[in-house]
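Note that chain A is present in both complexes that follow, paired respectively with chain B and with chain C.
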Partner chain A sequence: MKHIWKFVSAWPWETLLVVLLLLTIVLGNALSPYFLTPFNFSLMVEDFVEKALMALPMTFIIIAGEIDLSVASVLGLASVLVGVTWHAGMPLWLVIGIALVVGVAAGLLNGALVTRLGLPSLVVTLGTLALFRGLAFVILGDQAVSDFPGAFTNFGIGDVPGTLIPWSFVLFVLLALLFMVTLHWSWIGRQIYATGLNKEAARFAGIGVRRLKLLLFILSGLIAALAGIIFTARISSARADNAIGFELDVITVVLLGGVNIFGGRGTLVGVILSLFVIGALRNALGLADVSGDVQNIVVGTLLVLSVLGPNIVQRIQVVLSRRRLAAESSKQA
Partner chain B sequence: MATTSEHVRGTTYPPRRSGSRLVGLVSRVRELGLLVVLALILIIVGVQVPQFFTISNLVQILLSVSILAIVAVGETLVVLTRNVDLSVGSIVGFAAFVAADLFKQHPGTNLLLGILLGCALGLALGTINGLLVAAGRVPAIVATLGTLYVYRGLDFLYARGNQVSASDVPESFLSLATTPFLGIPALIWFAAIIALIFAFYLRSTRTGREFYAIGSNPDAARLVGIRSGLLIFAAFALSGLLSGFAGVLWGARFATVDATAASGLELQVIAAVVVGGVNIFGGSGTIFGAMLGAIVLGTIDNSLSFLKVSQFWLQAIDGAAILIAVTIDAFITRWLQRLLIIRRQR
Partner chain C sequence: MKKLFLTLGSSLLVFVLLVLAGCGGSSSSTSSGGTTPTSTGSKLNIVFLPKAINNPYFDTAAKGAMQAATALNGSFKQVGPSTASASDQVTWINNLTAQHVSAIVVSANDPNALAPALKQAMSQGIKVVSYDSDVAPDARQLFINQANSEDIGRIEVQILGKQLNYTGQIAILSAASTATNQNAWIGFMKDELSKPQYKNMQLVKIVYGNDDDQTSFNDTLSLMQAYPNLKGIISPTTVGIAAAARAIESVNKGGKVALTGLGTPNQLRKYVEDGTVQQFALWDPGKLGELAYYAAAALIQGKITGQPGQTFSAGTLGTYKIGANAVVLLGPPTVFDKTNISQFNF
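Up next, the complex of A and B:
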């Protein structure tokens, strides 16, 4: 009992997320008898893996005090490029290579505009959200490419032999470990936190803030392109409107995971817990025949609450401590 | 600024060439630049396609930007206070469906009642945004990204997959947009009057100027006693109200409305506002500029179809326009700062 209390007081946000996850599981189980089956878990993971991948660099970017709204559009652009280059008869390795390079270029554009011109990342990535999605439509219009080879689509829907674990989930676990080590046990992670807490102080401490942020945006573009390749393989279709609106889930996951929108605070443990909360919630609502647009009501509300909630708690704490101080000083008088 | 003008007073420079005048000059240069761009587009496309440069097509351009322009007025208010409202597209879509659906279910409804309903819905949704940002201290980007999807989801819930089409609604509702007054469609009048009212409000009233103060220096604004929270709340509420009204007009103009109406409109609106020279950091920009931005984007849109360029270019152009506009603004700001430093050193 004592141990539990210790954990709760040390990790209040993570505890809350565990409670939320349990509630979601109870809800899912009540909504559908298929929710708690291994097969459904496999589906849920597959469905959410692109968003999960993009949430990793997004966590870094938000902790560093910036934001990247363009991830879903980079995903869409990469997906379209995969389709077009494959359709043109290029070999698979080149198809994937081109998509990844364009992802890096997209991140480079975001990062350069933010770090070299000092523009707010919110506006830059809102602009590139429109630009990259627009380019995807320019390239493919309302067409779709779906004649992909089995070797490619198998990666999207295939499981590790003998299990129900999708290959894409294995990739996510490996990347998540890499990101966790980087953020919590390496000097790069310390630099990211320092940058987010106080940009000026970080610069005076010798951190190359601009280079660090540039690299983070490039990383975000690269992972978004990777997510685009996986998405294309999974649904076996390259379309310009693939994954529209995914940025809502990615940003919600990161903020609900306890990452401070102003930077400097948050853990990947929280983000990964929150991934499962949102993933399970979407899955449960989907099983109950709730359409994606209506599911967005729940996810959007969670996004707002994940910032509003702590603000309210903080306000109450301030009021309470003021009252206590006032009571003490009146006692002394 | 105070040190600059004191210093200037001691030199041969007349006081009217102080920094703030310079800022005003730059924003005027920015708007002049836009006018030049607009003229160039009109001339270049007009030379290639004679039908482009006709009165009826110019009216068509204005008609197509009117709804965008009304929403852009509200967005300008929000952006001036150093915030952003991403939920406007969803509010327009929701109000459009609710208004159109009202006339479908009850064809005899008074036109004014439908307009009021749309406006009230917009105001209510804008109020929620305002409360979240001003009272809940949720950053505007997070709050309105959330409500963008919440409002759109509510729209889907309300619509239940239904669609309203032109044959479902009375003629009087459809004529709300197109009835000509002095030869110009009503929609253009609505946009022009709203723009004029808010341009006057921002330019010449005390609270209007306070919007600029909040955006240009939030701390100083609070210290001089400006009620920032209230004004930021008001900006979001007005943005919602104008979006609600624009939604009713959307329903009247396009007649065919479903739950996806006006999706992604927020990107066009923000593009118009920043292209029009409203600084995304808040504190500077005019309604006139934002209107000009909307007209430039609308003219590009219109000329694409004349030049037989695919409509799929539209979104990419909006995105590029946002990026180019903020980049130019960044360079102007830098140049301005250098100029001020040089002046101070003399």
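Up next, the complex of A and C:
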């Protein structure tokens, strides 16, 4: 019992997420008898894996005190490039390579505008959100490329033989482990936290804040392009409107995961728990035939609450401690 | 401790909100269908997945499908994305597959993007029927085609011919010069015009408004200036016909230049009522939805397997035969005029 209390007080937000996840599972089970089936789990993971991938670098960026709103547009642009280059007859390795390079370039542009020109990332990436999506539409219009080889599309929808675990999920688990080690057990992670907590102090401590942020944006672009390749394989179709609006879920996942929007705080454990909460929630609502608009209302509400929640808790704590202080000082007087 | 209770309290709040939002949503989205629950025992659990929900065209189709559901004592429901997005449709297909519905009737936003998910659904024993907009042929058992090019092309010339007493100059206002559908229809229009009864009708010009309202409007005005004796215009595009109706009205030639083509009742109601357009053609989406439901039901009940040549009954619509490539044709387009336009809302 004592251990549990110790864990809860050390990890309050993560505990809350575990509770939320359990509640979501209960809710899902109540809404549909098909919720707790392995087949449904496989479909749920398949549907959410691109958002899950993009949430990893997004966690780093938000902890470092910035944001990247353009991820879904980079995904769309990468998807279109996969389509166009494949259609032009290029070999698959080159197709994937070009998409990844363009992802890096997109991240480089975001990062350069933020770190070299000192512009706020909220505005920069809002602009590139429109810019990259616009480019995708200019290149492919309302056309779609879909004559991809089986080997490519199988990676998108195929499972590890003999199981219901999608290949793309295996990739996510590997990357998640890599990101977790980097954030929590390496000097890079410590630099990210320091940068988010206090940029000036971090700089005086010898951290290359601008270079670090630039690298994080490049990483975000790279992973978004990777997600674009997986998305294209999954629906075996390259389209300019692929994954429109995904940034809502990605950012909600990260903030609900307990990452502070002002930077400096949060864990990947929380983000991964939150991924399952949002993924399971959308899936459960979908099984209950709740329309996408209403699902967005729920996710949007969660986003606001996840920012509001810690804020309110903090304020109440401040009020309580002030009262305690006042009470103590009046006692002394 | 206090912090803990606050955290738990707020988590409870979130949960309550979620449940409320979830319940509110689920009741509102299933209210579109729900004639009978799945417990009828007939296992006709048929779900329509249109390009987008809250679209009058697909809502009309849903009404037709509901009629068929009532007739067959099956269940009907309509789900779908709020914007016409292919990837959202994939998510819905996966949801429906997990629910083991008995059939998915889909109008595809992208023929190939939906194919892997639909194939997965079929591998789970779910019947797949496409309507309105087809998917890749190997990803469905049947396609319910609203109309074929020949019927559409010929009927527009027939309507105009009757109105003009088979005499006078006519022109065509099309979409883009490269538009596949329109060019196929125009081909059949020319063929129809070559028949002897049209010998006094001359097609003087084909103009291309590119499905842009302003361009189509200006094209119509220039047509009437260039050919003062022009008697009729055919516009086989919904954008073109609406723009042409406005252009004809703007120069007070309503009734002097006859206009017909493809349009939707809501768009052309005003012009039909004031006489600018006497008749125009389009398929009836209600019948399309009804036929699609009957086809899905016949597949579920094992009456058909989707092989060309098989026939099935579609209630009051009659008996239908499966054609090549597992396509079922709805039949000739519906002609709309003053007498029937008030019955349609799409």
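Worth a mention:
Keep this in mind: the second predicted complex is superposed on the first by the 333 of 333 C-alpha atoms of A that agree within 3 Å, B and C clash if a C-alpha of one lies under 4 Å from a C-alpha of the other, contacts with A are read in each partner's own complex, and residues count from 1 in each chain.
One rule holds for everything that comes next: a contact is a pair of C-beta atoms (placed from the backbone, for glycine too) under 8 Å apart; a residue touches a chain by one contact, two chains touch by 3 or more.
The structure presented is a predicted model; accordingly, all values stated were derived computationally and were not measured.
In the overlay built on the shared chain, the residue A:A205 is in contact with neither chain B nor chain C. Applying the stated contact rule after C-alpha superposition, one finds that A:V294 touches each of chain B and chain C. The larger set of touched chain A residues comes from C, when the choice is between chain B and chain C. Of the two partner chains placed by superposition, A:L94 touches none, neither chain B nor chain C.
In the superposition on chain A, no contact is made by A:V173 with either chain B or chain C.
When both complexes are overlaid on chain A, the residue A:T37 reaches chain C alone and has no touch with chain B. With both structures placed on the common chain, the touch criterion links A:G141 to chain B but leaves chain C unconnected.
When the two structures are aligned on the shared chain, A:I312 is found in touch with chain B and with chain C.
Of the two partner chains placed by superposition, only chain B is touched by A:L248; chain C is not. Residues 291, 293-295, 297, 301, 312 of chain A lie at the contact with chain B in one complex and at the contact with chain C in the other. On the chain B side of its complex with chain A, the touching residues are 84, 132, 136-139, 141-143, 145-150, 152-154, 156-157, 259, 267, 270-271, 274, 280-281, 310, 312-320, 322-323, 326-327, 330-331.
In the complex of the two chains, the chain A residues touching chain C come out as 8-9, 12-13, 15-16, 19-20, 23-24, 27, 31-32, 34, 37, 39-40, 43, 46-47, 144, 146, 153, 156-157, 231, 234-237, 239, 241-244, 281, 283-295, 297-298, 301-302, 305, 309, 312-313, 316-317, 320.
Partner chain B is touched in their complex by these residues of chain A: 67, 69, 113, 117-120, 122-124, 126-135, 137-138, 141-142, 240, 245, 247-248, 251-252, 255, 261-262, 291, 293-297, 299-301, 303-304, 307-308, 311-312.
Listing the residues of chain C that touch chain A in their complex gives 1-4, 6-8, 10-11, 13-15, 17-19, 21-22, 24-26, 28-30, 53, 77, 79-82, 85-88, 90-92, 94-95, 97-100, 110-117, 120.
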